[in-house]
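Starting off with a structure, shown below.
By written order: A, B and C. Residues from 1 in each chain.
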């Protein structure tokens, strides 16, 4: 069994089911990418994996343990990190405080991790005392990812980390994400830039209307003519 | 020249000193409202009554202490009783949350439902207060009444205008400064305080960072209860304790919180002073003041009062309306879009 | 905001069976008759009349809360405006007061109006920011001083005219029934102002704004003696129904009392109250019919759609703020009508009686208990809650007496409890509100699914 697994995920926001039995799995040290059209339920699936959605059925396992019934903060304790698509920083708090909040569940010394994160995103170090709400889109995204890393997650979920970020910064961001994955974290990314993301991916999912449509390695999906036609613009 | 000094002393005595004390009391009240709004996301209409409840407990304990012959020298005995009032009121807030608010929070009811519920609580608490202590006016200050009397001031300076500073006014300022400093230290420097700010800023993100909502909410209520008890007691010491007045205090308190931006603690403090100073300055008759400044032997005809004191609540309302029209998120941009 | 609680549960509940409604109203009628038998018929009718007025007020709040989910914390103020209308419409004008200061007051009002117009014009004309605000502020301050200069002497003159009896401008000397319309209009105007400022912002702002407006209205009525004598009160508002004395002096009435074998005093009081009851019932029926028609019309369906999902309604192109303003003004007008009717029934206008506990809060308990969103529920809630509010006093005293009976009559605990029993009413009503909201949010007669 993979490290982080969601199976038969079914549920929504009180109305019709947005997720209709989709399954997603991520392996440690690998990058798993979820792509799909707008409104497919990608973000909803992420929320479901983190326990922020009332699932009607389906299970979530982490490292073989059933965590379906756990509240989000308990999942944070278990070593999961999540960067939501929107509102992913504490705007009124400084960059440093955002990072500290990321380490909220840790009781040990966090200065080392803090240095690591600043090493990963050097731009943030100069802006330590600035409220995160005043940063540019790209820097804010870095704060959001940094916040999630502060917990030293074993599984990291990123919902459209490249949204609102320039192409150059995106490329840099993806490089960092590869580094993170190579350090042994299970990375799960939802991406709008499907082609670029699938190039990095060890495994990819194409989600359509809350269901898995295609699954495979990044390469096979990129090579699949149907996927190319419908989701990668030819 | 002496006339000008007299005029300044007059304004200080009748306007600046009382408005500062009142501003401190309002600021403490508005802080409670704004904290509840920031963390629990509803306007707590029961806040005035929570303040009254805190004052009542303090009064009861004060009476008990007095009956034992315990005093606090020149300071009011109520100051000794205050910690008990804060503790009991914090307890009341926790109970309210446990028995009433938690249900709606968990069922994700819209904020206006919580508001209606808080109105229900407001009347329960109001009834309880009147049941326990009665609707009458209570004066419970003791100790030295004045830090500086008019006579002392005149003897000291030789001016014809006097300046008096009541012990309770000084106390309002000192206690408020100490509490606010402690609160900000807590919010800015401690882990729990930061998690409270984080929760208020972005609830979802705080949850997935591992913040426990129940703990944040409980800590918030503890602080709100303690602050409310202090605010109510200081107001009661400075004026007098009458259960009804706290209902009417609700308007200036909300005005203060909204001026500063609901959910923003610093804004609440500034808002408290804005409301207090406007209220006092706009309802003061400036006749004597102008007489000092004008030519010899001249006095204005009327009282030169912008608004009769009967309308002091109208001042908070007008401030509220102006803020809502010009900048609905408050001067310090709260979270109220 | 898709989870307005009453609707959720109404959806689960489905159609309400009509028999329950009838049974509840029949039980209510029986309760009132019980008072008639056990205490007195005159008292029963007095309760009935206030029940009718409460029901109308509740209908108004239900229009705001039940149809649209708007929280009005200022019922008191709108009801007080209705009472003011009673004075302004029905009392005879005080000519000496008009001569002394009428012109001044009118001029002052005109000056205030000119100021507002000027401020608006200046605001439109001047384009530079900052400069513009300064200019508007200057115009407003200057206008205030001008208006005050005209107003103050006029007011002093008016209030000096025979202050123990009049000292105010008086009214228009028209039949008091007109005041019901005027009261509605006054309340609607105030509601328009409050709504214009606070609707479209967060839901809480409306509550705070209405709280403020109602406090200010009541303060205004207490202190502006030139208008309605303030705390000196206005007594002897003309009645729309005969006076007891006139009845007792009429020969046909004396004969009627004799044939019935009851005392003339009792019969006259009952007849007068019945007349009031008939008038009030007529108003209630008309308003009820209008409300039900509105709720069934496409307008009602749209209001509910907005209430249940504001975002979706907005996405479908509905102007939510404008609809909210509309429904808020309508509801407040109904409250104003009820306020005017109350002053009519009391025959006097006493600003100090407008207390938020009695008006704002009690009306809310009525709506919630009755069943928000359902007009029949609101009316029933008005009846039930008013009935128990009135009857709670003797019941509470009796209960306290019973509980403390083991204690000696002069025991301090006992006397404190007996004295404070009246305050328990508040606690009980607050608890009723909380318990109903929590355990039976649909109320006695739940909203129907249409």
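Some observations on this one:
In this section, a residue touches a chain if its C-beta (ideal position, glycine included) is under 8 Å from a C-beta of that chain, and two chains touch if they have at least 3 such contacts.
Bear in mind the structure is a predicted one, so any value in this text is a computation, not a measurement.
When chain centres are set by their Cα atoms, the one at the greatest distance from chain C is A.
Centrality by C-alpha centroid: the chain sitting nearest the overall protein C-alpha mean is B. Inter-chain centre distance (chain A to chain C, centres taken as mean C-alpha positions): 55 Å. Averaging Cα coordinates per chain places chain B and chain C 31 Å apart. Between chain A and chain B, the centres computed from C-alpha atoms are 45 Å apart. The residues of chain C that reach two or more other chains are 3, listed in rising order. Residues of chain B that touch chain A in their complex: 191, 194-195, 197-198, 201-202, 204-213. Note for the complex: chain A touches chain B at residues 50, 52, 71-73, 75-77, 82, 84, 87-93, 97, 100-102, 104-105, 147, 151. Residue ranges of chain B in contact with chain C, taken from their complex: 42-43, 45, 100, 103, 107-113, 115-117, 119-128, 130-132, 134-135, 247-248, 250-251, 254-255, 258, 262, 302, 306, 308, 310-311, 313-314, 316-317, 320-321, 324-325, 328, 336-337. Against chain B, in their complex, chain C makes its touches with residues 1, 3-5, 69, 71, 73, 144, 152, 197-198, 201-205, 207-209, 211-213, 215-216, 219-220, 222-223, 356-357, 361, 364, 368, 419-420, 423-431, 433-434, 437-438.
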